Amino acid sequence: MDFHHQGLDITTGQKPSEECAVAGYMGNSAFTNIIFALKALQHRGQESSGIATYDGKVHIKKGMGLVSEVFTDDNLPGNIGVGHNRYSTSGSKGLENAGPFIISSSLGYMGISHNGEITNTHSLREELKNKGYIFFSSSDTEVMLVEIINEINKYGVYDGIKKAMFKLKGSYACAIMINDKLYALRDPFGFRPLIFGKNADGYIIASESTAIDSVSGKVIRDVKPGELIEIDSHGYKSIFVVNHEISHCMFEYVYFARPDSIIDGKEVFNVRYNLGVKLAKEYPCNADVVIPVPDSGRSQALGYSVYSKIPYSEGLIKNRYSDRTFILPNQKERYDAIRIKLNTIKSVIRDKSIVLVDDSIVRGNTMKYIISLLKRDGAREVHVRIGSPQIIAPCYFGVDMKTKDDFIADNKTIEDIRKEIDADSLGYVSIEGLKESIGINDLCLGCLTDNYPDVIPTGAKPNYT
Amino acid sequence: MDFHHQGLDITTGQKPSEECAVAGYMGNSAFTNIIFALKALQHRGQESSGIATYDGKVHIKKGMGLVSEVFTDDNLPGNIGVGHNRYSTSGSKGLENAGPFIISSSLGYMGISHNGEITNTHSLREELKNKGYIFFSSSDTEVMLVEIINEINKYGVYDGIKKAMFKLKGSYACAIMINDKLYALRDPFGFRPLIFGKNADGYIIASESTAIDSVSGKVIRDVKPGELIEIDSHGYKSIFVVNHEISHCMFEYVYFARPDSIIDGKEVFNVRYNLGVKLAKEYPCNADVVIPVPDSGRSQALGYSVYSKIPYSEGLIKNRYSDRTFILPNQKERYDAIRIKLNTIKSVIRDKSIVLVDDSIVRGNTMKYIISLLKRDGAREVHVRIGSPQIIAPCYFGVDMKTKDDFIADNKTIEDIRKEIDADSLGYVSIEGLKESIGINDLCLGCLTDNYPDVIPTGAKPNYT
Amino acid sequence: MDFHHQGLDITTGQKPSEECAVAGYMGNSAFTNIIFALKALQHRGQESSGIATYDGKVHIKKGMGLVSEVFTDDNLPGNIGVGHNRYSTSGSKGLENAGPFIISSSLGYMGISHNGEITNTHSLREELKNKGYIFFSSSDTEVMLVEIINEINKYGVYDGIKKAMFKLKGSYACAIMINDKLYALRDPFGFRPLIFGKNADGYIIASESTAIDSVSGKVIRDVKPGELIEIDSHGYKSIFVVNHEISHCMFEYVYFARPDSIIDGKEVFNVRYNLGVKLAKEYPCNADVVIPVPDSGRSQALGYSVYSKIPYSEGLIKNRYSDRTFILPNQKERYDAIRIKLNTIKSVIRDKSIVLVDDSIVRGNTMKYIISLLKRDGAREVHVRIGSPQIIAPCYFGVDMKTKDDFIADNKTIEDIRKEIDADSLGYVSIEGLKESIGINDLCLGCLTDNYPDVIPTGAKPNYT
Amino acid sequence: MDFHHQGLDITTGQKPSEECAVAGYMGNSAFTNIIFALKALQHRGQESSGIATYDGKVHIKKGMGLVSEVFTDDNLPGNIGVGHNRYSTSGSKGLENAGPFIISSSLGYMGISHNGEITNTHSLREELKNKGYIFFSSSDTEVMLVEIINEINKYGVYDGIKKAMFKLKGSYACAIMINDKLYALRDPFGFRPLIFGKNADGYIIASESTAIDSVSGKVIRDVKPGELIEIDSHGYKSIFVVNHEISHCMFEYVYFARPDSIIDGKEVFNVRYNLGVKLAKEYPCNADVVIPVPDSGRSQALGYSVYSKIPYSEGLIKNRYSDRTFILPNQKERYDAIRIKLNTIKSVIRDKSIVLVDDSIVRGNTMKYIISLLKRDGAREVHVRIGSPQIIAPCYFGVDMKTKDDFIADNKTIEDIRKEIDADSLGYVSIEGLKESIGINDLCLGCLTDNYPDVIPTGAKPNYT
């Protein structure tokens, strides 16, 4: 799987939906800097994009589609702004729930871009309604925003946000603007990434460091779990850090983030390379060549090759134009459809024993077809190595893996999966290997272990029975 | 450069424009098979796409854009058809000149998809006008078609096409249908590729073998230079081969074709890998890591790494969403724009001496920016290795490299270019090395040597003074 | 002027912008019934269209454009719904301010479609912010909605809405749904029209009676000024009527409404016919033929013809395809542009003395061109008769006529205007004649007299200095 | 029926399809003048629009849709050009057959815009193929063009066109450009209209005089049946007139042309007014009011009113926004769909005996619904008067009325139709009355009498058995 994320459908039946990208900027040309940041973070959300800036008045534009489709020749004025890319979810409601959200209140203007998932949305919304508040959408971000305003009205900005943090359950990494000040806010578990930096024009907040690179900026540091940072025209300061047991999401490293990003001090490419090394240790193999599934398995395959000393090559070619679909008038067998997306390089695979490396098994079907292609074109053996452990439980903290009918019932062994995809051998990296590859102990591994770092409110399990 | 071809602007000032994809099919579900083939050949032309089929009547659809944009839910009936993808050229006239061309005459129906460039279009058109013929477009394909019909009217299909071949100068690889028969026709020099094969439904003709793969077919063989092949419901037969001095275009191997294609018996990936090996021999280097410019330099970088024993890695990440452009409200320095397209992987490049491999130097600017990025992010040295010789002359045979004002005047040495892009060393593969890498002696090297395999008619040099 | 309203630019420099259409339905197929109603009311707003329905959950769709462009193959479930067409205004903010608005609160769900203009938006919003409320848009409808919720939270639905009515200044005709009940609400002045009726499926609320016709319904009666009506599955009841001095907007009859609508008991066609009769009495003329400016002056011209006994005919033909504009490469004189929209019928006008009738003088330019056309094509005399008095002051109650630089300065006499448009005579109907033609005394004539039925809050005059 | 022509489906089952608009211009700003002309002639064709100009080179643009949709900000250079609007036909093939057609031959460049229908297309095409000609489309215009070129090659321009006229059967009114000369050509029967004039910039040729009005031009005269006129920068001259029995199409006056056009000396409005007078004489009625079906019956209704002395009024209002269709989720009875298009004015029709006037009965259904609406809303009696005789036979000369299954079988009497539409009386104008109303004896009445002015080639009856 590469980082396009055009539909993830894991064998065990899951689908991420609440990942998003956030960005904030304080300085000259805020709009242009945010455009660059959102483009660099397009892989985190392709459904909608929006930017709001402030120069005494609020200026806002949102639209469905990629950053480049929404913003064609715009320029919003102002030296402060926040931006948002939203992931495509099945239950999406068009622009109604698209970020950023902007409100005016006795406080003045407030804008928020949110990545994550508030787990106690339902009870909080009821509680706030009973206090007289009114909601215009079904978004958890709106609930977070109203809760924050409610507390700020009582305790002021700093204490109000802190009070709100104790009420808000779940994950949130946010870029917030309140009038002419910019804030970075990250939940106490640190589920989702958030980082900030500086370039010639001013300060930038973003989901991943690659966005800071995209504006020729320098990373200052990650926002700490539980931290509120305030940025104004004079500089930045850390307002507070709410201490907590940290639980960074392992899925960012394994699958979601860009390989060139450095998250909580760990470079994603390097983590994936390490996962390849671990796989080579845990699941060695006597083979002729290591090849990746392009583009998602490349880092891991390089690690596997170096440790195992089996030569690395490219045996599969991806068609860059195969994104859009065509309803075939005469439904051909599926192998053809895959051939348009992926084809083999015969000289690399023919008569070879191959180690095939990818980041995860999605659509058992896709992996099955790839193996079939390789064998039809002459591969002798195909040994599959996967740079993540098996996912066995849903996520409540932002990677909204929804469960299918067969989620638990299916409960396949690795041998079952190997047989189904017709691989000669199959290895998933171990949880221990994963932790060592990332090099962080404070990880959320809920989807791998069914043990979560926090209690899950009942209302947060709508799709799980 | 990868095989998207979204604007080639070589340092010496050239731009290909007459490359196209052709496909033809004889058998069940001709339309569906051609759709697959054209999708697999999308890299050869993105401006327009068209398909014509025949079932007693001719059915045709053409449109501007990608195959997937033109054909959304169509189905043209018939067991025979031809298809065409057209490259985007500056002087294009929309659908007027888009393929395939279809005519009716005393012969019945005839359809043609053409890849290449007829060099004596001007004089042939005048000659045919004087014979009373009428032209509906400015296309060289129409001239070819009328010339063929003119000769067929006098000598019948086989002899007529042969007679026409002696009149038509330049390059052409064509899929032709005449009523219920399909023909593959390739010019005597064999400039442009043409191959045919078979799948469960019938016979397929295509510009590259990857199109045959895409329909789960088997390659039968390349169409020979100067050969006419006829395919009907009973099978295929070679009608004739006009002998000539063969001159395959080297640019197909170096740049244009897909790496998984096998052209005139040579796998493109393997040729590019060999070019990497040659580069390592001709321009060795004492470095820490070999990295490709993604996706275009990957095959060559692998070859360089294996021969030189310098480890291979990936040090640049390409943003898959950066295709569309945005007019920046405040024009930022260009480095930012590049950062959105390419970013570095710090752990791979920092403090390293790097061999950077690509297929050609396009936009000296782009290579310059990449080197600058690598150095700003900590690379110690950057040694550039290019998998093709320098281009010094225009092409008249289908890769319509148009000359810029500075084409000759500029006449830079390799050392000049090295300084301009700020590389620590720069090596282009030698012409001898190119020939050995391809493994074919009968190559057209006109754009590298200014010696062409055929006399160039005066009218064929409109952009060259 | 016909009822398309594609830009009103009166000689005195005004432009309506806050006219909208509202609709509500209680019964089977609520969505379909609202679609019909909104299509019948398309003349009241073409910028955006939206519908919300309720079946335990709220279903909503809004979009830019005509009803037929927004709703192509949708179907929102539920037996209750509200819909809205929004007028195109220069300062519009896309979908942000488009109706209907939907909120959830402790009350449950509430949806509102609003036609009119709240004049004390600014002070109310500040007051509500100070109470802790949060605003998501710049719309006066949102302020109205929050004010209503605020009062309902304190006093319950009936008394809360009544309390809110005493706070809300300006004009509002609304279709409201609160959970499974539908409400019609009209401001105490009765500025904007609101009517309700019944068809086979259930009850309908709409801005004009023609919407009730469009669903094969029967009108029950107009909603009274200051009245709240509640409709549920059992029937309807009047909850209260807040008494006040009534001030129906005269502009609805003169210009805005459809001729087939019956508003507050008066048929619009009949009012306009009466205006023609009045014009014939007040400004008689010795002429050969009466012709209308199509389609807007037809009713008035018929009245003029019958009273004056001067024959009626059609002397101008409107091109139905002239809506879209074309930027002329070589700017031709404007007469040509008008010729594409209107042309003369020579046999009707040549050598004739003509009475030319329209509803208002818009773009002095347009009328000037029409007279010029008629005279160039042979008309001997052109006597202009206008079915409304001169507009001399801005509107604050829903026809947001914005003032131009020259609004007061220009201050032209009728004789000045006659000379400018080159008419042989010019007559505007008198205010007394207008009142008699409508047959209602309780009219708002603010824009004709500069005397308004209510005090205008300072903030309500943003464009007037 | 007004002149939009969005689908004509006469009770007897016919549909026009070959009507088009042609225009040609010689002089400054040829492109702009043709744009105006085509916009004024939009009612003659809405499927596609195209313009070609010449300034040494040919410049051409064609597209699907209205003139204003195809030409948004274009400007084609040159002082000569031809333009074309094409009617929407069921069997249309997109841009392949759209006008104008442009060719280059030994003659130089030739462009043609054609209105009409060549009846011997099939045999001519075969004949020309046997001479070696090649055809690129299925259009009869291409056949005409090749035939003309073929004869010109033998006899020169003037004699060649004359020779071609003796071969071409059927109807044609054409604007032709041959290099820098413009030609108007009309078939010897004069079936379709063609007129020319002059404005400040130069000379214009057009299908109807309203196009000449649209460029502020003066009509010179109609092109005579069988005439070729040549226009160059010095002026115009009549080259020849081929004498023949003239047969102007009566349908142009009754239905197709704009009321403000003057065709072959007769103003269309006046003809339709006369038809109303005839109807009043032939089918008098004791009624209270005469109302038209808007906008198509207005001229006729005025004539009926004046002669009968029954007052004229407007009792039906047409919704200007009802063009686009909506697939109703719950299919309501059809009356509602009509209500959105047409509504009644109650004060005009209630308790009245009405004379309802239209130009033709299309979709018996539509007339039936209108009568039903009028009666449901209180009309006492509805007497229908139709400004054309009954159509009983197909057209081969440009109004391609295609026959339905029931064309002959149905063979309804007027009384049958009256009953079906539930009118209190029904009158069609007599053929004699039609001829007197137009004031021309030399009419083609084939569709009314089944007697045609010329022999119909067998191939010309594809839809008639």
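In this document, chain identifiers A, B, C and D correspond to the written order of the chains, with residue numbering beginning at 1 in each.
Rule of thumb we're sticking to: contacts are C-beta pairs under 8 Å (C-beta built on N, C-alpha and C of every residue); 3 or more make two chains touch, one makes a residue touch a chain.
Since this is a predicted model, take the numbers as computed values, not measurements.
Student: Measuring centre to centre, with centres taken as mean CA positions, what chain is farthest from chain C?
Tutor: Farthest chain from chain C, going by C-alpha centroids: B.
Student: If you average the CA atoms of chain B and of chain C, how many Å lie between those two points?
Tutor: Chain centres of chain B and chain C, defined by C-alpha means, are spaced 61 Å apart.
Student: As a quick test, compute the distance in whole Å between the mean CA positions of chain C and chain D.
Tutor: Roughly 37 Å, centre to centre.
Student: May I ask you to sort the chain touch graph into line, ring, star, complete or other?
Tutor: Contact pattern: a closed ring, each chain touching exactly two others.
Student: Go ahead and list every pair of chains that touch.
Tutor: A-B, A-C, B-D, C-D
Student: For a test of understanding, state which residues of chain C touch chain D in their complex under the given definition.
Tutor: Against chain D, chain C makes touches at 2-4, 29, 31-32, 35-36, 39-40, 42-43, 46, 66-69, 71-75, 210, 213-216, 258-260, 262, 267, 269-270, 298-299, 302, 306, 311-314, 317, 319-330, 332-333, 335-336, 339-340, 343-348.
Student: For chain C, which residues count as touching chain A in their complex?
Tutor: So the residues of chain C in touch with chain A come to 60, 95-96, 101-106, 125, 129-130, 132-136, 145-146, 149-150, 153.
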